[in-house]
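Naming follows writing order (A, B, C, D and E), and every chain is counted from residue 1.
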């Protein structure tokens, strides 16, 4: 049984690592975040399967922790966006990384 | 091959399939939003199936309860962060479509520039 | 070539790549990020050593290097947090100095303190008067 | 007399090892209580714990001399390799004493400058907490025997030293602090890597146990122990490179001038006198206590060569500096070079006279440099700036300060009976024993160059006020000098006198360094050296060239513009350009890796 | 389905190790800082999986909590505030070649030493296992952290407390009494507020669980504290709470209580038990539990405040590269 779990874990891990290619090639930051998102959930699944051979309870704790914190990349990114509206590159590559010319930063409250 | 192992094998392989589908969606789909849709649906489901598959392996009661809790958190967090990302993509799409001057002009994207009078 | 050696070599590679980025990084944040890569490479080598020891000792992993890595991780995080705070503070002070220079009218710019603190005799001007607790 | 025999078991009896953990616990306790008490009380807490610390250091030294053997204390009752041990031997006791005395004096001097009224709540709480942090880190370094325990102590030291640079909050100071932090963290990463590999090779992190394992390997035929020895030396090279980055040995010195030059005066004194010596002391432990056969390795030549490079370039750059604090910072870089002459000249199991010279250099430089930085702080307070060209005639306005500057400067130059003289002659005798004739001339040249910049300060101090008298000259514009109180001279004067008269101490006192270090013979070496120093011929042999160089510099300075002046100025700009290139981030990073690889090659090859 | 023989571990490790190296190379070469930081949070997750493969669950938990969560938050907020300033010119070919060569040399030396480690690997598994009973702890790593190498753990939590004081000392004089505001990054979007309300309770349970199970299973005060800190940071990010003022006495006590209690119990050990940082036999378990609880609290408070940044006065967040003012900052 553990053999099968290991194989499935490896397969999911490979899928997730291929998803990382999207991080490398992804034109926009959204793609990168999606790939990190896939890495989060896929990583948790692969972890569960790979870790079940060692100690499932500890692996579940780790998976629980990763699930909680996986969103932090997206949270911090979007929150960061609020402070720096011009720095986000969409899927369609904008001509140049927009150097925002407006002096009056809207973000401060 | 006891019944539990068969149950695990079936569900885990289903889960793996959905992960693969999520990855294909991420790579194949044309624009950001559809990719996001495919991705968040597929991998949450994938994780759900893997967790269900592992339920018989876990020790009752705490192991299984933790696995279920894990899946619940993953689904909720996955949904919310997909929402976050969609909001960000919309904000950026609206911003670049309005004259390409990011951040300038009054009708800039909602949300990003709303000078929210939150208490300091 | 068991997994301990594999991750040890991977850690060595990460240290090399991290050092390259730490030296040639174009922005300070990028150099800080590369420095964290060096840190994670060092800890992976610790992990490889822990795995070798563990397998030789009949356990999954040797607990002593694990404890050292946990301590090292927390110290490395604290160092990165300080470096980030310094970076932001540096940009803020430079920004204020520039805006102060841009508007010569501003007289007593509190962030550039008066000449070094006065001798014992006088009260130094420009210090926080408000009676914060 | 019940008190004396009540504490007798601690001072001379079996329980003397129990003095070690309070020496470490006291500064840590102070460091933790300071933020709770708030800025106003933190200062009193720091000064009080420094006094208690001094008493503890004296007790430790007394116990060590009484036991005449190293005091070892297993923390938590767990012996190495499982647990962590503290160990006190001669050099560690000397460094504990130096740290306690120096921090107390600097603390008393800075009590006025860093009070809530003068510096505000933030700077006051920060300074006194960081002072305790530096003290805790240093005590951990001196007492530690476990490589990872030493790593945590270095981190405490670095986390306390870096923010001292930017206490006053200028943009340039934040830039210097950031660069110091990143380069020091790069060094810590390399050190941690070396410690990890050592754990992988020997299964223990205790220096003494690794030394025993290496001695056993040395006796085996090389092929069996071959790779264990090579791996260990590679790990030591990694740790040594990390510590070179933290000791700012030229050319890995990019962070020191802006950091020590920009920090507030008491902070600069602590940084230059003690913080830099902490990482050197670890190098002393690694290469002398852990590696069994340093004299046979070529790596000593590399370190000695870098030391000479530091002596020459450091002094030359100090000669050309426009600001007084930068001049003193560059002189620190030069004096660090003296420390590294220990490695090529070390002989025997414990390092012989070269080790004595290095330890005396640590003490004498710490005293003289702390005094100089505190005096530079006084001048900065009095005139509002420390740009030397605009300080003509400051000696007439502050004669007492000038006198103390001269005393501290002479200790650095190394005229008998100062500590500097002891260092130079002990190194010369060690070089004579080894037949390495090329080291002593470098020492003499270093002494002459430091005499040159001292003479430059002297000529500036006594030069007549410039004709324009527009108040740029200190003497002319007497009006705007702020009366710096005379009591502010107490600490620097005491430090300078100690540094100047270090040689007059009875040689038996130097035997404290020999405890637990067989065959060091410090007392006899110092006695032998001082005998020849006090004869008139011996005195003139060393004082003569110094005075001639001083005269030349004074004449050159007062002569003003001349063909010679322009040519020397252009050479100076060339040297400054080269040193500026060395202090670029990329160059320093490349040199760090280069020296790592050379150390690996020279220690294994 | 026949029970498949255990596959060769290379199936999982080779791709993972290769992916780590490729991702590290990409992090070094990509143009934009923000993309690199996002990739770095992904990198943190991969390293956590690598630690599972290396069999150290405790470190995997710490790496996931610190590397995945808090470090990502820290660097992303920094990237947001600093923008894309590059203060070094692009390196020329000779510089890149020489540095690449030196780094390759360092990597080869390290790889040679790692591969040349002695074959019966010297280890401390047996001594830890045999003495672990004294501490009544099931988790060997916890036993090493709290008993055998107690001084390192105590000094390390002192470093954390010191780091917070140092971080506050970077603030401006006039901002000394104010609140840290690095996490005030513009108005929170509704999804963020939803997460801010949903996750912290779950995080609190997970954090306390990690602390509690740390005695006998992988987990412990550092991991539990890191999760609690991440949740606090999320609350402040979603504006559901405010970071405490610098001058708030309770906060300072929270930072210092962990190491201070550890030190005081250690000193008491020198009197009651037979050595500094030793525990009396009768009271070992309760004392260790007390120390670990205080340490969890201190780690949570300290890590959260480290992410929240130095105190700043309310007002526009200046350093966001609107002008090119910071350009002139060259080391």
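The rule is short, and it goes like this: contacts are C-beta pairs under 8 Å (C-beta built on N, C-alpha and C of every residue); 3 or more make two chains touch, one makes a residue touch a chain.
Keep in mind the model is a prediction, meaning the values are calculated, not measured.
A.B. asks: Would you pick out the chains that touch subunit C and also touch subunit E?
C.D. replies: D
A.B. asks: Return the chains shared as contacts by subunit A and subunit D, ordered by label.
C.D. replies: Correct list: E.
A.B. asks: By C-alpha centroids, what is the most central chain here?
C.D. replies: When every chain is reduced to its C-alpha mean, the one closest to the whole-protein mean is C.
A.B. asks: For this structure, which two chains have more C-beta pairs in contact than any other pair?
C.D. replies: Top-ranked chain pair by contact count is C-E.
A.B. asks: Could you tell me which chain lies farthest from subunit D when each chain's centre is the average position of its Cα atoms?
C.D. replies: B
A.B. asks: How many angstrom lie between the CA centroids of subunit A and subunit C, rounded to a whole number?
C.D. replies: Once rounded, the distance between the two centres reads 23 Å.
A.B. asks: For subunit B and subunit D, what's the span in angstrom between their mean Cα positions?
C.D. replies: Comparing mean C-alpha positions, subunit D is 56 Å from subunit B.
A.B. asks: How many angstrom lie between the centres of subunit D and subunit E, each centre taken as the mean Cα position?
C.D. replies: That pair's centroid distance is 33 Å.
A.B. asks: Which residues does subunit C have that touch at least 2 chains other than itself?
C.D. replies: 15, 19, 23-24, 28, 32, 45, 49, 52-53, 60, 64, 68, 71, 75, 78-79, 82, 86-87, 89-90, 94, 97, 111, 113, 127-128, 132
A.B. asks: So which bits of subunit E are touching at least two other chains?
C.D. replies: In subunit E, the residues touching two or more other chains are 1, 3, 53, 55, 70, 79, 81, 84, 88, 91, 95, 99, 102-103, 106, 110, 114, 117, 121-124, 128, 148-149, 152, 156, 159, 163, 166, 170-173, 176, 186-187, 189, 191-192, 195, 199, 202, 314, 321, 323, 329.
A.B. asks: Would you pick out the residues of subunit A that each touch at least 2 other chains?
C.D. replies: In subunit A, residues 1, 4, 33, 35, 54, 57, 61, 64, 68, 70-71, 75, 77-78, 81-82, 100-102, 106, 109 touch at least two other chains, as defined above.
A.B. asks: Let me know each pair of chains that touch one another.
C.D. replies: According to the stated criterion, the contacting chain pairs are A-B, A-E, B-E, C-D, C-E, D-E.
A.B. asks: Touching subunit E in the complex: which residues of subunit A?
C.D. replies: Within the complex, subunit A touches subunit E at residues 1-4, 6-7, 9-10, 13-14, 17, 20, 23-24, 29, 32-33, 35-36, 39-40, 43, 46-47, 50-51, 54-55, 57-59, 61-62, 64-66, 68-73, 75-84, 87, 89, 97, 99-109.
A.B. asks: Mind pulling up the subunit E residues that touch subunit A in the complex?
C.D. replies: The touching residues are 1, 3-7, 11-12, 15-16, 19, 22-23, 26, 32, 34-35, 38-39, 41-42, 45-46, 48-49, 52-53, 55, 57, 60-61, 64-65, 68-70, 72-73, 76-77, 79-81, 83-84, 183-189, 191-192, 195, 199, 202-203, 206, 209-210, 213, 217-219, 223, 227, 230, 234, 237, 314-317, 320-323.
A.B. asks: Spell out the part of subunit C that touches subunit D in their complex, as residue ranges.
C.D. replies: 15, 19, 22-24, 28, 31-32, 35, 38-39, 42, 45-46, 49, 52-53, 64-65, 68, 71-72, 75, 78-79, 82-83, 86-87, 89-90, 93-94, 97, 111-113, 115-124, 127-128, 132
A.B. asks: Which stretch or stretches of subunit B touch subunit A in the complex?
C.D. replies: Within the complex, subunit B touches subunit A at residues 5, 8-9, 12-13, 15-16, 19-20, 22-23, 26-27, 31-32, 35-36, 39-40, 43-44, 46-47, 50-51, 54, 57-59, 62-63, 66-67, 69-70, 73-74, 77-78, 80-82, 84-85, 87-89, 91-93, 95-96, 100-104, 108-109, 112-113, 115-118, 120.
A.B. asks: So in the complex, which bits of subunit B are touching subunit E?
C.D. replies: Listed in rising order, the residues are 1, 5-6, 9, 69, 73, 76-77, 80-81, 83-84, 87, 111-112, 114-116, 118, 120.
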